[in-house]
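The same subunit A turns up in both complexes below, where it pairs with subunit B and then with subunit C.
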Partner chain A sequence: MIRFLANRLLGMAVVLFLVCLFTYVIFFVLSPDPAVQICGKNCDPEAIDRIRANLGLDQPFWTQFWTFLSGLFAGRTYGTGANAIECAAPCLGYSFQTSQPVTDMILQRLPVSATVAVGAAVLWLLAGVSAGLVSAVKEGKFADRFITGLTLTGMSVPNYVLALLLQFLLVVTLGWLPFPQAVPFGEDPGRWFLNFLMPWIVLSIGAAAVYTRLTRANVIETLQENYVRTARAKGLSPGLVWRRHALRPALTPIVTIFGMDFAGLLGGALITETVFGLNGVGKLASDSITKNDQPVIMGVTLLAAFLVVVGNMVVDLLYTAIDPRVRVGSAT
Partner chain B sequence: MTFTPTPLEAEGAAGGEATGDPASASPPRSGRRLVRTFLNDRVAVACSAYILIVVLMALTAPLLVTLSGHGPLEFDQAAVDSNLGGLPLGWGGGIGADHWFGVEPGNGRDIFARIVYGARVSMTIALLATALTSVLGVVFGLIAGYFGGRVDMVVSRVMEFLMAFPALIFMIAVLSALPAENRQALLVVVISFFGWPYLARIVRGQTMSLKQREFVESAKASGASSAQIIFKEILPNLSSTIIVMTTLAVPGYVGTEAGLSFLGVGVVPPTPSWGQMIASSVPWYAVDPAYFLFPGAFLFLLVLSFTVLGDRIKKIAESGEGRA
Partner chain C sequence: MSTPETTAPEPIAPDAGTAADRPLLRVRDLTVSFTTATGDVDVVKRLGFDLPRGGALGIVGESGSGKSMTSLAIMDLLPKGAKRTGSIELDGTELTGLRERQMQAVRGDRIAMVFQDPLSSLNPYYTVGTQIAEAYRAHRTGVTRRQARRIAIEAMERVHIQDAARRVDHYPHQFSGGMRQRVMIAMTLSMEPDLIIADEPTTALDVTVQAQILDLLAEIRRDTGAGLILITHDLAVVSEVADQIIVMRGGDLVEQGTAERIFCDPQADYTRMLLDAVPRIDDEIGQLRTITTEEDR
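After this line comes the complex of A and B, so read on.
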């Protein structure tokens, strides 16, 4: 188990290192000179050189990359002498636009993204697994066909189209929901809930469809297993057969993809947050793209990669706990 | 979430494919029977028909635009009301004999023309990305599965790495950092770069099991080279898997292209794309819903058609071929 854990941790570190390197190369080597961008128009070459020296852009690539990496773990100092700026431990640099530390900018936005992600995840798990179970129990009947048709639709509708359609129908035409606005939970919980309702629905619909199909397929498959037949034959009550023998193996794969999907969402639901104007990490990323604010885009990319990789690892560990078969073959 | 691997694709990869309906009367074996089963399926035919319409629309775009009388880049200030901030005149965003699908608010560009030209962009990018992904996925999957050992380890690690990546954010990051010229080719490359592991993983698995079979052994014994075995013996046996996976991948790429264009890092204006049209309709959705409904409906139906079609083909292939 310890060897397995060490292996996974090492693999995780390698992936994260490569993600860092990859992003760094793209942003600081391929894209236009950041110093020119910061300096703006009417800028003399000396000023550009000064900014370059401040940011360490005059150093060779590997030195720059090393400074960036060590900044992530130990912090770094920009500039020298009197106007030196200290950037504390997980240092992702400073925004080119607002000159705020990127780490702070992301941390400020994280609660909104987490709210969106958690709400959507609860919704899609409940909807997906229950619809999948109904579909599996009623296999081939009307309910099953209806749900299957619904899942294909749910998987196909692009979430920004759905977002606009919902806003148009529920807010503009019917007036059932207020126009989405950021209201803190403490101030007016009811309003807060109504605000997040549409983003949750939009974000969860595609995943709910996938989970429905997966649950259905898995449950139908497990019900055909020999051990389920044995359990039935030895006279266990149908409820017990379902709970002990059918559901557990059928739902294990759901845990796997749930972990990864959820981790992916925490890094910001870019499109949903942008459409609804929610100030989360995803919106931060898409705003920074339009402004060409490279340190921020890079920070968000790294955060998202980190979350996905950590999510993968947690899932792997959970999997060994839930499914005894994996433990034996996990020596690789 | 519009994302490179389509949900169905991921599902196939996750092993949820065991629902091949064993009750479907006689599994079609010959090509003609396959076609007949397919033609009897009304939903599948409807989906193919819609896809065909979009393809035709894309191919004949210049002709259609001549018929409708407005080009995709042509401004028409007479069709919008400048006193109302450029809201289109007339019902439903200016639908009428002159502008079949109405006009864009603000500058009065013809929506029909932009939809038609947008179909070109969407289809070209999605199909090219599918082609490139399939080639990469099949080649790497075959190599990894056939040679095994160190080659397999390297390819598998690369695949794991790419699949662990937050692909959407990264695609956006790459596209925003790289220069804007020739965006469409760049889109194809970026989408394929993150897309191929999903096919390669499955091809690899099947190659590994096919490699153990007698006909491969006998080919080896009669002195065939590795390339001959891979392409003449193993590849033909993978054709149904590849067809299914490819069909399932197309809607994902259509969605990804539209999503990236929606976020402003895809197709650059003034070239129209459906995703980009929807993006520019966001400020207008409350007053001019037709502006987002047209591209939205076209996009949704295209993705839906490909998804349903892929699903049907998968079922036919599973019931027909089984594990031959």
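After this line comes the complex of A and C, so read on.
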């Protein structure tokens, strides 16, 4: 077990290092010169050179990458003397456009993204798994066909269309929901909930459709298993056969994909947050892309990669708890 | 090919009679059919046989002969889309008319079944102990965890699994093939069934383990007095265990009789071919004989 954990942690470290490296290469090669951006208009080449030297941009690639990496763990200082800017660990970079460390910018917005992700995840898990179960039980019947039709629609409608449609329908036409407005939870929990309701629905529909299909397929497949027949041959009631012998094997794979989906969503829902004007990490990313604020884009990218890798790790650990074939090796 | 015999010939007790001489299992006109695009296909055709109390019946045939469908029909566990007609009487009780709930009371309690592939027939998510005690818990109310565990350990000891008190908490994947089949057999024991149906119980096992499992089945039959239906394509297997044999082909009953008579004096051509197809160690044959009949040409 400890060996397994150590192996996974090592693997995770390697993946994260490579992600850092590739991200850094992309931004190093493709980005416009930050020094030019900082210098602004009416800038002479000497001023640009000065800024470059100040930020270490005149250093070779590997030196810069090393500075960046060590900044993640130990923090770093931009510039020298009176103009020096402290960037505490974990330093993901510094946005010269907003004069803020990237880490702070992300941390400020993370709670919103987390709220969006958790709410949507709960919704899609509940809706997807239960619709999938109904579909599997009623295989081939009307309910199954109806649900399958819905999932096809759910999977094909893009988020932004759904978001605008919902907003138009629920807020403008029917007036069931107030216009989305950021309200802290402590101030007015009801309003806070209504504010997040639409993003939750929008984000969960596509995933719910996928989970419905997955649950349906898994359950139908598991019911064909020989051990389900064995359970019936023992005289167990259909309910018991279902609960004990069909559901657990059928739902285990859902854990895997859920962990990854959820982790991915924590890193920000770019489109949904932007459409609903939610100040989350996704909105930060989209704003930064518009403004070409490289350090922020890079920071968000790294965060997303980090979350997916960690999510994967958590799923692996969960799997060892759920599946005895992974947990205990063969003894004979 | 010979016409299917619809009534059971040879040593048969008269239909009516007292409980004592009534057969344990009495099957008449059992037909299993599937509806396909080209019409109904009968996979078992008007099969009839008797199994005396404590008797051992071997059902032999190639794949597709309908032998497994017969066993599933008795258990009412036929796959979706299969239709069953005819009569199956267990100790005088007609099973074909029973509702699902009543049939549940029969399954596992009065008739227990051992399946072919022990690995896929055991649920990988539960310990063997849980799965062995499951039938007991389903048929008895108010069974405590501790009792269930004791029942499981006892059953495992009866099938000669060493160190049962520790192995009871192991998962199926931690057992070898032969041990898994022992676990499957242990599952049938907790309720002391009147009839054990073993559907190709040794097919997935290697030869030495096969012999052990057959010995075990014979031993259990001796100890508990349970009737046994052994379904197999392997003549060597039936010859060891069964006292009555049914030969099936394409859903038809080809021949029926005592094991001795079938082996020494087979009547039907098909049975003879089936026996000839088994290579013998003292025989000098260039090519293995295959089974061909008019139908195949």
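Methods note: the second predicted complex is superposed on the first by the 325 of 332 C-alpha atoms of A that agree within 3 Å, B and C clash if a C-alpha of one lies under 4 Å from a C-alpha of the other, contacts with A are read in each partner's own complex, and residues count from 1 in each chain.
Definition applied: a contact is a pair of C-beta atoms (placed from the backbone, for glycine too) under 8 Å apart; a residue touches a chain by one contact, two chains touch by 3 or more.
Everything numeric here is computed off the predicted structure, so don't read it as measured data.
The superposed arrangement places subunit B and subunit C next to each other on subunit A without a clash.
When the two complexes are overlaid on their common chain A, residue A:Arg248 makes contact with subunit C while staying clear of subunit B.
In the superposed model, A:Ile297 makes contact with subunit B only, not with subunit C. Of the two partner chains placed by superposition, A:Ile2 touches none, neither subunit B nor subunit C.
Ranked by how many residues of subunit A each touches, subunit B and subunit C are led by B. Of the two partner chains, subunit B is the only one that A:Gln167 touches; subunit C does not reach it. Legend: residue contacts after superposition of the two complexes on their common chain; A:Glu225 is shown touching subunit C, with no touch to subunit B. In the composite built from the two structures, the nearest CA pair linking subunit B and subunit C is 5 Å apart. Listed in rising order, the residues of subunit B touching subunit A in the complex are 1-2, 6-8, 10-11, 14-19, 160-161, 164-166, 168-170, 172-174, 176-178, 251, 255, 258-259, 262-265, 275, 278-279, 281-282, 285-286, 289, 292, 296, 299-300, 303-304, 307-308, 311.
Against subunit B, the residues of subunit A that register as touching in their complex are 15, 18-19, 23, 26-27, 30-31, 152-153, 155-161, 164-165, 167-168, 171-172, 203, 206-207, 209-210, 213-214, 216-218, 220-221, 253, 256-257, 264, 267-271, 274-275, 285-286, 289-290, 292, 294, 297-298, 300-301, 304-305, 307-309, 312. Partner subunit C is touched in their complex by these residues of subunit A: 225-227, 229-238, 240, 244-245, 248-249, 252, 323-325, 328-332.
By the touch criterion given at the top, residues 75, 77, 100-101, 104-109, 112-113, 115, 117, 120-127, 131, 134-135, 138-139, 170-171, 173-176, 179, 184, 187 of subunit C touch subunit A in their complex.
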